[in-house]
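Same chain, two partners: subunit A is paired with subunit B first, then with subunit C.
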Partner chain A sequence: MNEHSSGTNEKFMEELHLDETGKMHLRSVASWAMVIVVTSVIGYLVSIFQALNPPAADEYAAEGFDKVLNYGNSIGGTIFYVMIGLLVNYFLYRFAARSKSSIDGIDSVSLNSGVRSLKIYFAITSILMILAFLLILFTMTIFIR
Partner chain B sequence: MEGNKPLFDFRIDEEGKEELTELARWTKFQSIAVLTMIVLVILFFLFAWNRLGAAFSTVDGDEARSLVLILAVIVLVIGTVIGLMMYFLLRSSNRIRTAIQMQDRQLLNKGLNDLRIYFAIFGVISILALFSNLISLL
Partner chain C sequence: MQNTSLFQLNVDANVAMTLKSAASWARALGVLGIIFGVLFIAMGFLTMSVPTTEFGDYESYEETNKMARSIGMIMFIGVGILYILGSVFALTFGGKATNALRSNNSEALRSSFASLRNYFAYWAVLMILGLLLMVISIAGTAIAT
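Presenting the complex of A and B:
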């Protein structure tokens, strides 16, 4: 009975494996995650460049916008946005790098660490999304009043 | 041949299962939160339709109406794309969690495939956003 129970338990503990298809999907997820990280980092560099070289107010007027619509990119705001973006993308990068290395080296510890990083990434982005949404909703409510 | 399989397959240990379950929980939370936001934005547009026209009072009546219409179409397109992404994220979350509970490898693969589609859409949007950002520099 005990032997049977321990055998079943062992089977239960070791039954879930990631096969070739699963590894292929995970590798693809990691590759796309890396694409997102790279494009985001380039985007942050562009934002910093834009904040350091703001277009003249006349350019906005020439494009048909009122000066009121020219919010511009303040350096402080851009640095804050870039810092949060880098923090979030660091976890995505860690997931991508560790997942790839875990698949190549068949290392479950790296995979666990990668999945943990992805979990943190989703946790941070969820909270930030809710905060941003509340801010947008608040602004929109004021705008239409 | 069948006996060799575990040597080439990747074993997911107890800690890995726990991490994947937690990941599924957060992805589910995010997808439901974002889908709720999309519904709220659509409701906001439906209820504030007339007021939005008045908000653009600096421009002519017809122009204000077309501005609101363009804004609504943009919101609808963005909402559809994000909604589609969240659908895959939610399906991935449900499949991964069930796969861990049922020890189902096929379902785990399907869940990872959904996550792959989510990240692929996200990646394409990121590339497009970067291009539009770079074009704005010129």
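Presenting the complex of A and C:
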């Protein structure tokens, strides 16, 4: 089993590698991932600002709904959304940082750590999408009724 | 040849195993994203099928309701198409990475990272546009009040 495993390892060491172009692609992936992280964090800050400074209720007063409509975000909901977003983006940040350091140091251990973070990022995003999917189906059922 | 390999980033068995798992999650995310996109498009068409009285009982609002429903439909369909396009990149990355690992093909691995770069670049550009729209809407509200 060990011999087989070490044989597989050697095979990978010999055959699978990232050359200069591959490293350039990976560096580009890490840069775009970092752009997503920075944009998301700015978005969360804007959301928190909006939640802390809700528009006055009478701005939305409409005929028949005198001063009762308020479309501002709730603080609780915003905090929940920001916390989940930060968790997801933490893994994306780790992927970007580790991938860059693996390219700079030609270090497979950092690359492994980076790819593991990418896997967790994809897994969390997929699970969140399943939950959102179920929520939409639930809403659609109510809407159709 | 020996010198070249010194500057190559080797994908050992551990990295390959983690990457395989990440690719599986990417494919799952891609499939979910496509389903999500189709669901959004369906919701867009559903918005148009709802009778106008569901949105308001006043006959004078009928024209406004029709316009609101059309805008709603366009938005839902637009978001659906954007989701499908983004998910195709995730699906492509997952497929190419899996094939590269299965065939020990460095060229295919490089191509999979190019797809991953496209995936992140696509979402990064959309997120920047979204953030800009958010800031413009906040500024517009602030100026109007």
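Quick note on the criterion: the second predicted complex is superposed on the first by the 120 of 145 C-alpha atoms of A that agree within 3 Å, B and C clash if a C-alpha of one lies under 4 Å from a C-alpha of the other, contacts with A are read in each partner's own complex, and residues count from 1 in each chain.
Here is the rule we go by: contacts are C-beta pairs under 8 Å (C-beta built on N, C-alpha and C of every residue); 3 or more make two chains touch, one makes a residue touch a chain.
Treat the numbers as computed from the prediction; the structure is a model and nothing was measured.
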Fit-or-clash call for subunit B and subunit C when the two complexes are aligned on subunit A: clash
First, second, both or neither for A:20, with subunit B first and subunit C second: both
Which superposed partner A:74 touches (first subunit B, second subunit C, both, neither): neither
A:118 touches, of subunit B and subunit C: first, second, both or neither? both
Subunit B versus subunit C as contact partner of A:103, first or second or both or neither: both
Shared subunit A surface residues [contacts with subunit B and with subunit C]: 12-13, 15-23, 25-26, 28-29, 32-33, 35-36, 39-40, 42-43, 46, 49-50, 102-103, 106, 108, 111-112, 115-116, 118-119, 122-123, 125-126, 129-130, 133, 137, 140, 143-144
Interfacial residue positions of subunit B with respect to subunit A in the complex: 5-6, 8-17, 19-20, 22-23, 26-27, 29-30, 33-34, 37, 40, 44, 48, 51-52, 54-55, 58, 99-100, 103, 105, 108-109, 112-113, 115-116, 119-120, 122-123, 126-127, 129-130, 133-134, 136-137
Complex contact set, residues of subunit C against subunit A: 4-16, 18-19, 21-22, 25-26, 28-29, 32-33, 35-36, 39, 43, 46, 50, 90, 100-101, 104-106, 109-110, 113-114, 116-117, 120-121, 123-124, 127-128, 130-131, 134-135, 138, 141, 145
Footprint of subunit C on subunit A - complex, ascending: 5, 8-9, 11-13, 15-23, 25-26, 28-29, 32-33, 35-36, 39-40, 42-43, 46, 49-50, 55-56, 59, 102-103, 106, 108, 111-112, 115-116, 118-119, 122-123, 125-126, 129-130, 132-133, 136-137, 140, 143-144
Contacting residues of subunit A [partner subunit B, same complex]: 12-23, 25-26, 28-29, 32-33, 35-36, 39-40, 42-43, 46-47, 49-50, 66, 102-103, 106, 108, 111-112, 115-116, 118-119, 122-123, 125-126, 129-130, 133, 137, 140, 143-144
